[in-house]
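Consider the two complexes below, in which chain A is the common component and chain B and chain C are the respective partners.
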Partner chain A sequence: MTIVKDKVGVVSCSGEDLPEGTISRIATRLVLEKLRPHDTVTICLPLFLAGSEDERAFARVFPTIAVDGCDKRCAEVGTKEYSGKPVAVIVVSEIMKKYPHLKTKSRDNLSAEEKKLAIKVAEEIAAKVDEILGRKK
Partner chain B sequence: MDKPLGSVARACAFKVVEELKPEDSVLVCVPPLVIGATPHSEWIKKYPVITIDGCPERCATKIVAKNGGRIRGRVFIPQSVQKYGLKPKASAEIGPEGEKLAAKIADETALLIDKILRK
Partner chain C sequence: MLKDGKVFVIPCSGIGKALGTVGRAAMYEVVEKLRPNEATTVCLPLLTIRDEAVLKLARNNSCISVDGCPFQCARKNIESSKGKLVASFVVTDVLRENRGLKPEGVTELGPKGLKLASILAEKIAGRIDEINNNR
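Up next is the complex of A and B:
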């Protein structure tokens, strides 16, 4: 299987269970809309898991980054099972350990602190995108 | 993830489980059902389920049905958009109209819960 390296698919946790999931979604949107809009596309995880062949085919051909909110790692496990191993995996709960002063509480509306954390996660995703595409920013 | 109506579905679900029916409902995250993670996979078999779908793909309904869930009610957000004439702004930020839409659908979902639980 040939992997095409001009776009990266970002597969985000759908994030209903924990605040970390919401952060993974917001961080992914920041990457798609602001940080790396020309280099990334998102793959809707529920659609992918429900059996959409378009989403699964994309993830077989293009490199993917799984962005998971927690240790269940649904995005990573699902991508691996139905398309191929993600090139990189980012777990929000792991990143949070680096910023113990930033706390998460809400699954719905993010606080200023949670937004800061989402930006940190987005920056890590963007750095992985650059690494995968062999670009220096 | 990529559609504003999906974000409305989330906002609606949060309103139901956190504000309107915290004692009578739990929120089931969809992806853990596919990888078989507990307790979500057990909840959908043990309790009646209401699915909230944000788009015509109806992933929530498909995944719950495929994994043996007892679906007793379905909410389809695009239908509510037509009914109320409210349009969410974007996926990342649904805006005031999206919030209003989520609140209206949450009220309907709460009534559905009462009906299922015969309250």
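Up next is the complex of A and C:
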């Protein structure tokens, strides 16, 4: 198996039921599309169970960050169980403690405030990507 | 909010594909606007990690899977959890019937993607009515 060292996997929980899950998903997409598009790859989390060995190899091929909405840590637990141990975990509800003025309530369309929080989470993921790749930005 | 007794609409939310976002958007339209008293959702990953409370809900209540693509991850996660799967939708099937409504991207579906989600939401709501009428 080839181990890829110049790209980082980012696996987000989908958190349909909680606003934090939506933040985790949007923040992950921000990293993939805007902040670190050349350094990151992703996979749909439920594919670990539904897919084949090829999909399950993901976290063994890429050093992987799990991004979770809440303390249930589904992305971390699921990635570890089906694929490989994530090298880092980001939990939205933990990051939110640093920004008590930013509130989340919608699960669907993010408000301006929720978008701000998603950007903060995305910046933390991007910083972790840089750390894993041994880069200073 | 009490979830027991409602129909569970569970999308895959596939982050790697825009069609996963269409399924997710359709689910919110159903559970928040079209059938808020009859339908609800849970985080699909809780089934993936075998969370006891969510396994129980999925086994005791009717579940509808909504998947972005033919991998059908939500359906397979519900089935392998022994959830009570009563219907399955796949966004690619609805897109085939509405070829002009290709979504723009994973984060922003754009007007066409949102329209596609609304068409799917109506289909899901219709199925919920059938399920409840046959109870």
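Everything that follows uses one rule, which is that the second predicted complex is superposed on the first by the 132 of 137 C-alpha atoms of A that agree within 3 Å, B and C clash if a C-alpha of one lies under 4 Å from a C-alpha of the other, contacts with A are read in each partner's own complex, and residues count from 1 in each chain.
Just so it is clear, contacts are C-beta pairs under 8 Å (C-beta built on N, C-alpha and C of every residue); 3 or more make two chains touch, one makes a residue touch a chain.
Because the structure is predicted, anything quoted here is derived from the model rather than measured.
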Self-check item: Clash or fit, chain B versus chain C on superposed chain A
Solution: clash
Quiz item: Now for A:Glu113: first (chain B), second (chain C), both, or neither, which partner does it touch?
Solution: neither
Quiz item: Is A:Gly21 contacted by the first partner chain B, the second partner chain C, both or neither?
Solution: both
Quiz item: Thinking of the overlay built on chain A, is A:Glu123 touched by chain B (first), by chain C (second), by both, or by neither?
Solution: neither
Quiz item: After lining up the shared chain so the two structures overlap, which partner does A:Glu131 touch, if you call chain B first and chain C second: first, second, both or neither?
Solution: neither
Quiz item: Does chain B (first) or chain C (second) touch A:Glu94, or do both, or does neither?
Solution: neither
Quiz item: Of the residues on chain A, which ones does chain B touch that chain C also touches?
Solution: 12-17, 21, 25-26, 28-30, 33, 42-47, 49-51, 72, 74-75, 77-78, 81, 107-108
Quiz item: What part of chain A is in contact with chain C in the complex they form?
Solution: 12-18, 21, 25-26, 28-30, 33, 42-51, 69, 72, 74-75, 77-78, 81-82, 107-108
Quiz prompt | Residues on chain B engaged by chain A in the complex (per definition of touch) | solution = 1-3, 6, 10-11, 13-14, 18, 27-32, 34-35, 37, 40, 57, 59-60, 62-63, 66, 91-92
Quiz item: What part of chain A is in contact with chain B in the complex they form?
Solution: 12-17, 21, 25-26, 28-30, 33, 42-47, 49-52, 72, 74-75, 77-78, 81, 107-108
Quiz item: So in the complex, which bits of chain C are touching chain A?
Solution: 10-17, 20, 24-25, 27-28, 32, 41-46, 48-49, 51, 68, 71-74, 76-77, 80, 105-107
